[in-house]
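Going in written order, the chains are labelled A, B, C and D, and every chain counts its residues from 1.
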């Protein structure tokens, strides 16, 4: 099944990592909600922007956790089979991440 | 009140812009929720990363809408009074935005 | 003359700033040359990449020095005349800077 | 020799790639020189900034060419030997690239 990560082939994604990712995503959702409230309360733009910069950094961290996991599992498995296509794809995606 | 944007001094933030910003923030919250589901469903990491890159871009747009509004109102008012401190602050914050 | 910065209208660009910018650009040119040599000497890719990241940061600094100067002079003058076009343009350019 | 890229272990870096990289670095050096001249000629800040953004993009391209080469050779060789340290290192460096 192409749509699913190679994790499913052997073992599910590491539970600890899934928990870590979901906690981070929840925290980011909370921060986004905070920005929404700040706009409702007509708060100082500078403070809104600092909060947005913080969310961007938190999101970048999530992206790199997923990327690292992908590289250490799916991509590495492919490399061991002399298939470099997923590596090339991962590098192209990385270029698009902040 | 230093904590509040200069908008409050004269007029509240433009309603249209507030609506636009809140719609964007809602959409981003939905996208974040989508990423969370993708992780639950053990979806392909490459697809998760593409989604994260999309959220990063959407968030960057929100940041620049807030920045532009800030520059066109608060910062411009200060500049007209020969006060460049909010401009300097805004540039420092911009450096931190993606 | 549209091609020239508003500095020319009144005074030339601050000499100190020009010197600062040119020193930074020279240093970056030297760093670039260093990367070229590292490639000739078949140096470790990781070290080449760290050097490239350093150049990117140095270039970002130069960009923000020019941006700040632009905002504090040309853009501010226009704002005082209720012309926001150069501010809008500057924000669009900032989005393209790293 | 730790300082040298794994290329030296087997074969030198691909000549074509070295030529490509050096051409790109030369072009960037020329662009930097152009910015220096623009500053001397007191050219419009907006144009200087657009040129700096172009250099940043060109530099990012160079970084990703080196990264991809590194991943396809050194890092992949290590992965095949179940050594993931260079992959982890490469991901950390990627975070620092623009």
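Following the convention adopted for this analysis, contacts are C-beta pairs under 8 Å (C-beta built on N, C-alpha and C of every residue); 3 or more make two chains touch, one makes a residue touch a chain.
Computed from a predicted model, the values in this text were never measured in an experiment.
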item: Residual chain groupings, excluding subunit B and keeping positions; value: one piece
item: Interface residue identity across copies subunit A, subunit B - same or different by half; value: same
item: Farthest chain (mean CA position) relative to subunit B; value: D
item: Cα-centroid distance, subunit B relative to subunit C, in whole angstrom; value: 24
item: Distance from the mean Cα position of subunit D to that of subunit C, given in whole angstrom; value: 19
item: Centroid spacing, where centroids are CA-atom means, of subunit B and subunit D in whole angstrom; value: 31
item: In subunit B, residues with contacts to at least two other chains; value: 60, 67, 94
item: Chain contact graph, described as a line, ring, star, complete graph or other shape; value: ring
item: Interchain contacts (touch definition) - all pairs; value: A-B, A-D, B-C, C-D
item: Interface residues, subunit C side, partner subunit B - complex; value: 60, 64, 67-68, 71-72, 76, 79-80, 84, 87-88, 91, 94-95
item: Footprint of subunit B on subunit A - complex, ascending; value: 2-5, 7-8, 12-13, 18, 21-22, 25-26, 28-29, 32-33, 35-36, 39-40, 42-50, 52-53, 55-56, 59-60, 62-63, 66-67, 69-70, 74, 86, 89-90, 93-94, 96-98
